[in-house]
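Below, each structure is written out as structure tokens.
Shared chain: chain A. Partners: chain B in the first complex, chain C in the second.
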Partner chain A sequence: MGKVKADFEYDVVIVGGGPAGLSAGIYLGRKGVKTLLIERGRFCGAKNLFGGVVYTESIKTLAPEFPNVEPFPCERQVTEEGYLILTERGYVKLTHSKEDRTHSFTAFRAKFDPFLADVAQRAGVDLAPKTKVVDFLKDDDGNISGVIVDRPKSFFDSSPASISAKVVILAEGVNRVLSQKAGLYSRDFQPEEVVLSVKEVLQLPKGELEKRLGLKEDEGLALEILGFITQGYPGLGFLYTNKNSISFGIGVFLSELAKNRVRPYELLERAKTHPFFQRLFEGAEVLEYGAHLIPEWGYKGFPKFYGNGVLVCGDAGGFVNPLFKEGTNLAIYSGLLAGETAFLALEKGDFSEKTLKVYEEKLKESYFYKDLALAKNMKDLFLRNKHIFSTYPELLYEAMSLFFSAQGKFKREVIKEIITLIKKKRGFLGVLKDFLSFARLFW
Partner chain B sequence: MLNLLVSIKQVPDTTNIRINPETGTLIREGVPAVINPYDISALALACNLKKTYGGKITVITMGPPQARLALKEAIEYFADRIILLTDRRFAGADTLATSYTLAEAIKFLEKTDRPFDLYLFGKQAIDGDTAQVGPGVAARLNVPVITYTIKIEELDLEKRKIVVQRKTERGIEILSARLPVLLTCEKEAGHPVFSPLSAILQAQKAEPEVFGADGRIPYDLNRLGLKGSPTRVHRVYTPEIKKQGKMINLDEVGVEAAVEEIIKLFKAKGVL
Partner chain C sequence: MSSPSNQLARKNFLIIILGMNIDDKISSVKFYVDEEYAHLKIKNEGTCLRCETKPCLFFCPANVYRLSEEGRIIVAYQACLECGSCRVACPFLNISWDYPRGGMGLAYKFG
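Now for the complex of A and B:
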């Protein structure tokens, strides 16, 4: 590929300072590659929001000493994890205690991303915050060979600065504008390919969080919430404990919100009137509120992961496994693979698709690519089969109510009642069909 | 060539400030710190002056170690040299001690380098709000001070003369002064700066020169920090917001009775 003239010269430019971009940067920095990471936020994490739970294993690939780091970038370890299934007034709670108490932690992006950014900078990566990449720099053959940003070159030349790079790694998150511009996607994402999520951080009076949730100071809870929380729309709620506050949010497919003209914030407010949350959030103060999209186009919507001089990773590549809260860790893993590939290309001195194709091979060997391939029909099932979000939560709750109020009744009658209930709500054939279609996702 | 000094303070970002209702004090924990907005204007003014006249910008702050972040950011405004004054013995300073600490450091910089032509301060800090530090430093440096600057109309380096617009309650005053002079800046003083990529990159790598009360700057230890601060905080409280006006509930009294009531009230006040 031909050389281009630019104001700044780097070997690799990374677009986006989320976990994906930072991981690619950390890998390359440690290999001594001249790397620039560009982030449009005031600092890494400033513009971002997630649930969120982060997994120790993935963080250790970047900072082996984690969780023994100062200052600690997370909130609480997750010691209890599971599901909360809601009906309009009642709930079923199913959680398990975690054996490995350092398996995962809750965190805020505004604290977690700067931690990774610090690791990256110490690895030698140059960081340009408050800077937005607006376009690509191309060589004579039209191959990507750098980027153009919104910032001027110097105090005396206000034309936009250009930066040359042998490889550009796109880690721009769910709004995959540049990935599309690079030709890796052939179209915009559709409303049924993304979940719109809103989240509040609620602070309780000191000591109340532990008291109300039955936790100790070094314990934390992570709940996925199903059913009434989304008013039956396909989506999930979540509740994670931070040091002094609770992260509470809801995510629903954008297409469903648009079709039914519901705003996610209304769902959140409505959910707070449920007895479970009313009790939990009594006297709570809302510290923060925010919204963010989650990419759920998955396997079927995967882009081409590489082009001449360009790679895409993280949310921008669609690496999210919603059922298992895997997003941040997949951003880290795919970012590392992108970093590895760029390094390989630099060693070979070839940055064309021919070499960068290795990235796709690496991805295909990874567990998460296989996971997403396996679950390729999940989104469609969720959008098609709404019973999962309305009928079954109610059914489960009512069946349990019957079962546990069976005192003084002939038990065969109770079982009969439950069977009638199932018949009425969904029918045996329906249940069987749902079960099979769900099982088929993983088989 | 202009030699500029800008004095900045790191303050809590008041867009999300909260007061602890029990103690009445600011909750600083978790509140991100920013450069005092008026000091941003001072930095922007310095940047614009350097672009026009050439020269050098030195930025100084007194504060805790994390104030280094404010100084790093100052590099984005074309600053050349950044100075952090930090020491436990500086802590708890009121405006008297703050002015003393800054003025001595500035004298030290002038002695070891060269004198400044302009000293740029913010109009006031949005947390302390006294607007005393600028004038306090000017007095100690024995230079004239122009407060509430909104514009430099003229700057003649040969004649060492400056013409400045300042905002007053009655209107705009136009003053001229001989250099060196200390200006405290209003919001309008500096046009916003959209920093170039070169400066953004430099800012990330820049580290301030750090000075403490260790003797390099000849401080009288009794005039520093809490020790040198005669101000004692008697009490801090959140002013009670008094409900103003009388409420008439239409659902209770009906429109007609309400109108009558209002007319009666107006008459009693002499409005009607």
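Now for the complex of A and C:
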């Protein structure tokens, strides 16, 4: 590998200060590796948005004392979690209580990521916020050997500064433009491969959140919402309780929004007219609105995870499992593996593909890679089979309405009515087919 | 299923009663606007004029893309939430897309 001249020299440069980049940084910092993390936002988390729930297990890999940290970077512990299935006027709610009260917490990215950034800084990582990576630095052989940023070299020289690195870890998020530039992806993602989510943080008058949702002050609710919430388009809504506010959002495949010319924030407003949310959000004030893409290209759209002098992790690598609401923790786990691999390469003194290939091997052994391989056809199923988002929510609601409104009627008639309903809405063969195609995802 | 006229009535109801306005939503977001660098640009205006569906007027979560009275697309990049949708969902890939410069653009308080 040829030597390059740069304005600053580091062993590892990490692009992106979200949970993936910070996790890689924390690992390397603790190993004493000279690491620089570059973040384009004003602080780590400034550009980030999620639902969102974080899981204690993955956070403990970075901060073992979590959740006993001050100041606490999360909102509420999740004590009730499940699904809310909506029809135009009604709903079916299916939730479970959580025994382990420290299992997961609701959080805000702009508050949680600074906590991880603090851990990284204490581990010895240099943070460079307000800085955007615009290109790679390459050696004589054309291998990546650093980055070029949109900051001047010095007070006297306004040309862009360069930073050399033996390994560049790309944790740039869903818009993986640098990973593409590095040749790890052969093409850009398609609108079918991402979900566009819009979210509002809604503040309720004091005490109302607990009253309206039947929670105590130290209890929290996490709901995934299916059906009318997306007007039948493939996607999901979500509702998470924070300390004094509610995170409420809707995500629909970008291709569906574009094709059907749907404004995502109109879906949000329309959902608020549903009796369930009308009651819940009465008198609520919008603290913040936001939007973000969720990478759902998954296994079929995976990149090459490594190249000469470069690794990719987090959203940029496609590490999101939408069905099980895993994003932040996959970012953490993949970031840690990228960190481990970079450290291994430094020990060996070889930063070529041959050594960095270990990263792919580590990924393939992980539970989340196997999960994503298992569910590789899920996105296609959701885009193809729209009954999941319209027919079944209605069917379930109507069947339950019949089942529980049967006074003065012979019960065999009620069951007959329910059977007729299923036949009319989807047909037994249809139900069987849908069930099999869903079951096949996991076998 | 509600009829199209019903749907329209409902939509009007929403706009009037709830004051649904994307500008109100955007005003809840903190921006450090980069007046010197427009990070979103239309590559070729003629392509937009020929584009029949103009989906950008709909899918953009910040309503960055608006139609002028003469039928041209106006880009209000100052309100951009930097999600990247327009980068891939423009049917002609006619948007030159970049992030704002380091430290500029959107800064979530919650996120």
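In this text, the second predicted complex is superposed on the first by the 443 of 443 C-alpha atoms of A that agree within 3 Å, B and C clash if a C-alpha of one lies under 4 Å from a C-alpha of the other, contacts with A are read in each partner's own complex, and residues count from 1 in each chain.
Keep this in mind: a residue touches a chain if its C-beta (ideal position, glycine included) is under 8 Å from a C-beta of that chain, and two chains touch if they have at least 3 such contacts.
Bear in mind the structure is a predicted one, so any value in this text is a computation, not a measurement.
Following the overlay on chain A, a side-by-side fit with no clash is recorded for the pair chain B and chain C.
When the shared chain is aligned, chain B and chain C each come close enough to touch A:Val149.
Once the two complexes are laid over each other on the shared chain, residue contacts for A:Val286 go to chain C alone; chain B is not touched. After overlaying the two complexes on the shared chain, residue contacts for A:Thr131 are found with chain B and with chain C alike. Number of chain A residues touched is higher for C, counting chain B against chain C.
An angle of 60 degrees, to the nearest 10, separates chain B from chain C at the C-alpha centre of chain A in the overlay.
By the document's definition of touching, of the two partners only chain C reaches A:Pro191; chain B does not.
In the superposition on chain A, contact is made by A:Val262 with chain C only, not with chain B. In the superposed model, A:Leu336 lies in contact with neither chain B nor chain C. Contacts of A:Asp7 after superposition on the shared chain: chain B is touched, whereas chain C is not. Taking the two complexes aligned on chain A, the least Cα distance separating chain B from chain C is 6 Å.
Comparing the two interfaces of chain A, the one with chain B and the one with chain C have residues 129-131, 149, 151 in common. Of all the residues in chain A, the ones that touch chain B in their complex are 7-8, 121, 126-131, 149, 151-157, 161, 163. Residues 10-11, 14, 18, 20, 22, 24-26, 28-29, 32, 53, 55, 57-59, 61-63, 81-85, 87-89, 91, 99-103, 105-111 of chain C are the ones touching chain A in the complex. Remark: chain B residues 47, 50-51, 78, 194-201, 204-205 touch chain A in the complex. Those residues of chain A lying in contact with chain C across their complex are 40-43, 45-50, 108-111, 113, 129-132, 149-151, 174-175, 188-191, 194, 196, 198, 200-201, 254-255, 257-259, 261-266, 269-270, 272-273, 286-293.
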